[in-house]
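Just below sit the structures, each encoded as structure tokens.
Both complexes shown next keep chain A, but they swap its partner, so chain B is in the first and chain C is in the second.
After this line comes the complex of A and B, so read on.
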């Protein structure tokens, strides 16, 4: 087969331009002059680029790079913007590093400004476990029901926030529900029924399980299972148990034990932010109580 | 196996040897790995190799193709490639709609690990980019290469090796992700042995392309071939450099990249953006430059513009990857270069889009009446829109708003749905009747339905993601007068719900159109008139269409 040759140009009737004479399986091309507007667009974008290269850091130069006439450095810019934003917060946020929470809570103007910010801080840092409104979740305590394992005043909450529970901080709070797997299965089953029954008062304190409860459990949960000792042990006569108080859940708790973790926030949040959150969290149950009325 | 009938007996022998070789390779992989992802992938190769061997051995003594086949184009691989394109379209886009639905409805995540969001998402991206886009590029490149060179493919076995080998790579990649295997590089998640396999396939592809081009009976190389060659060559370069890694040992699907820290990030986005440039742009511009003039029956508006835009796109694109890393640990000067080259890149991009649209001058009545040509017109328009958006988003202060938001997702999909997929559908609706020896598709009305589903779906998708992204970006950076954040992160997530629902609907419409296209193509291929060798066309210039 002989090589295909270019054909003589012909005039395209629609545009009036010549074709190039190439023919690719029927495809032809017009010999249109290079459009002016494309050249201008190239010139404009190139001028923009040259201006950017002159003003900004742009080209490597040995072990250094061209700094640009504006002398911008993105690290300095970032730090400067952070400082500027931080300065805006200076007239209210640092006051929450002060531990006199009663005085802070009494300053209504301050609280009106700070509490919306605290709500966002709570949602960004606490809500993953405790829920966006502090309603808790399976295995995580409710913060809005007025029931506290360690105490609900702002000072105590701040301490929980700072050091955590069963956390890595040296001053962490420690609370453990030990495993009772040394009990026989029958004893555990009887105990589980007893504990599950405490919710609606069906349990008999004089039964064998009731006696065993006083011997083994009352030190932390109280003689009647009323809790409230602020050492991390829940009441067993209301809805405070976060792992469930049905018979099967209690069986599991008795066998495996429990040691939930609340991380320590010291170093991750500033002292002022911890104070702010402590006031906010202590207010969650009060807000709920007010709603109930 | 009609395809085997197109091979001569010695070619069948070569193919049989290659198939046995594949089975042995798979067996070695499975034996070295013993268990895990790599062993599964080895057994997949064994199964494929055995299946091909049995098929070839059984057909070894069937009649040979006619001797004058060498004076005809070889279209059987193109037809096979289009079938694979459509299968991957349904898989890739189907998984895309699935993950979009999961974002709106995360509770719907099934409880087993294989279908978690993190594993499904790369199945979507690799499925549509490599499975759908890659097969479409390979299939159409064989067609365009032969027509514009007036030469038959340089040999008959390697096209099959390329297509089957490439799809084995896609299958290894997608099934590996589901089993939890990834090297955690976006759009390059496949592990080291799959990467090496792809290099072998890709080099074969390049050699076949160059050999065929060398046999051309035309004095010049048509611009579409420049684009296809840039696609093949640069993708090889990007793939090799970004995937250099040290396997933990030769029997595991785990490896460590040799790149580390900010260099790794830069190499990754040099790869990532040029995958957009040379996989998702250059190859598809080659497709556009062939099928648009063929379908419209119009000459390319400007020869000069087509050539200069090609070199402009190739030269500018390779610099711009750093715009993915604005405001990061990457040095400021690299960011400035990425930003300025991205802005200059707009000129050759728009020149190409403009050249395509100006080519339609004199054929607007066809655009109005012919849904196939309308697909190509819309593709050119979306190409122009998304390249403008890309240059705009690459400007640092704009990027500070858009980065990490769904605006990026919207931008990518205006390119991939509006431009890449539309030009593929235009090419498919042009090619499939031709390859079946028919005048039209089996269901011409379904093309119209597909067109409007695709355009509607793309618009709903892109507009909802623009809204989502800009809303997100503005909410993230909003502070109240006291300097505290105005919104918590979860509030910015909740605000996305309506947009994520709309996105799922738009994607679902696009998927419906693609399924319609696949069914239409199947019906067309099945309803081909029983002419002898309809796919083998004489090597002569054909009238357009």
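After this line comes the complex of A and C, so read on.
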């Protein structure tokens, strides 16, 4: 083949292209030139990359990097973009940082503007546990039924949001149903039946379990199980128990105890967002009550 | 130019050299910056590595393929900052081998998930996602309540230590015991855990079953640690917002 190197390439008469000089029993191979469009595309991308390299941040360089003539910084851009989005809310959102909820709720124009945002905030942060409509979940409180363990006015809800319950915040609310596994199984079974029966008034307060209830449970749940002490202990006569009040569930609660966690949102949500959500959540139960009427 | 290439093709050794030169340019451009990674990525002072229990959870996270649907990187885009919080920093995953940034989100990003929801929620959600989020398409992982195998943890920490993660010898030696201790705040081993790992780290029964150390304990401990190994992103974000 080296013989071909010095000769001029043979030209194919039909296409006008050179041949490679390879010859297989008289069949010769065309040396079709590389398509122009591909070469131009390559050239354009090369040129573009050089321009981009000059204009944009491109390559690490020692302790720094080539910053580019435009001086763009993705972090600054993101923060700027975020502030622009945030600016749209600035004419109404900061008002929710002050705690005069009655005045805020009375301002209908403000509420019309704010509640759609509140609903989205609720979906992003609260709905995972409390359900998309605030109807709760297995082991997670219902927010739409008007029954509250800590009080349902916006001020109290805002405080629960801020500090959480059994959360990692230093000012967290603390509520624990202790374990009664020191009781004998029979005592616990009798107590479970007693507590399950309180719902429909089948329980006898003068029974052994009834006496034991006053001794062990009344301090938090109230003497007749009426709750309402706003210390995180539910009423036992209002179907307010998060974990179920059938006999088996109560047995489990008595044995293991309960200490559900509401995370603290201070830091993750701004004070204004917490105020907004507090109003929204307090409104969930009111909306439900209106539906019922 | 094309003529030069045409002639080069006919000299095989010349072509080999030219290919090596062209390929190494691409290689050097990608690899050279990594030689200076220690200078370009500055580790925040408060950055901590994962505890043995969290590390076991990370292995389960990888084993179950969670990364296929969940990224762990808040991108530097305005709407991501609005939804998830400060954008992710390279330093945050400096101790991750391999990193789990991900690029595809079928589920939400998890980089700022730690302590957002309660342990109970994570347990309920992993066992049956539909029980708490009716519209969820996430698969259920009910088998996570089986006992956690801590047998490989010591080797796992030792391997990471060789890769530059600052685990000391005491932490490596006590890894299996500390995995158990982190889920038992009232046990005698908990004191040793606090001594080796500090007081700031979540020390509690994660899976709601204090009697057993399960894979659920490990995975929930890991999920609750996401985005909480350093406060640097929050500090930086506050500084940038203040500067504008």
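Operating definition for what follows: the second predicted complex is superposed on the first by the 256 of 293 C-alpha atoms of A that agree within 3 Å, B and C clash if a C-alpha of one lies under 4 Å from a C-alpha of the other, contacts with A are read in each partner's own complex, and residues count from 1 in each chain.
Rule of thumb we're sticking to: a residue touches a chain if its C-beta (ideal position, glycine included) is under 8 Å from a C-beta of that chain, and two chains touch if they have at least 3 such contacts.
If you're wondering where the values come from, they're calculated on a predicted model, not measured in any experiment.
By the touch criterion defined above, A:95 reaches neither chain B nor chain C. Applying the stated contact rule after C-alpha superposition, one finds that A:81 touches chain C and leaves chain B untouched. Using the contact criterion defined above for the overlaid structures, shared-chain residue A:34 touches chain B and also reaches chain C. Of the two partner chains placed by the overlay, neither chain B nor chain C lies in contact with A:252. Touch criterion met: A:138 reaches chain C, while chain B stays clear of it. In the superposed pair of complexes, A:260 makes contact with chain C only, with no contact to chain B.
The partner that reaches more residues of chain A, of the two candidates chain B and chain C, is B. When both complexes are overlaid on chain A, the residue A:60 reaches chain B and chain C alike. Taken together, the two structures place residues 5, 34, 59-60, 65, 74, 78, 85-86, 124, 127, 132 of chain A in contact with chain B in one case and with chain C in the other.
For chain C in complex with chain A, the residues that touch the partner chain are 2, 10, 29, 32-33, 36, 39-40, 75-83, 85, 87, 115-121, 124-125, 131-135, 202, 208, 234, 237, 240-241, 244.
If you check the complex, the residues on chain A that touch chain B are 1-6, 12-15, 19-20, 22-35, 38, 41-42, 45-46, 48-49, 52-53, 56-60, 65-66, 68, 72-74, 78, 85-89, 92-93, 113-114, 116-117, 119-124, 127, 132.
Listed in rising order, the residues of chain B touching chain A in the complex are 71, 147-148, 150, 217-220, 222, 290, 293-294, 298-306, 308, 327, 331-333, 335-337, 339-341, 343-344, 346-347, 350-351, 354, 361-362, 479-491, 539, 541-544. Of all residues in chain A, only 5, 34, 39, 59-60, 62-63, 65, 74-86, 124-125, 127-129, 132, 137-140, 167-168, 256, 260-263, 267-268 touch chain C in the complex they form.
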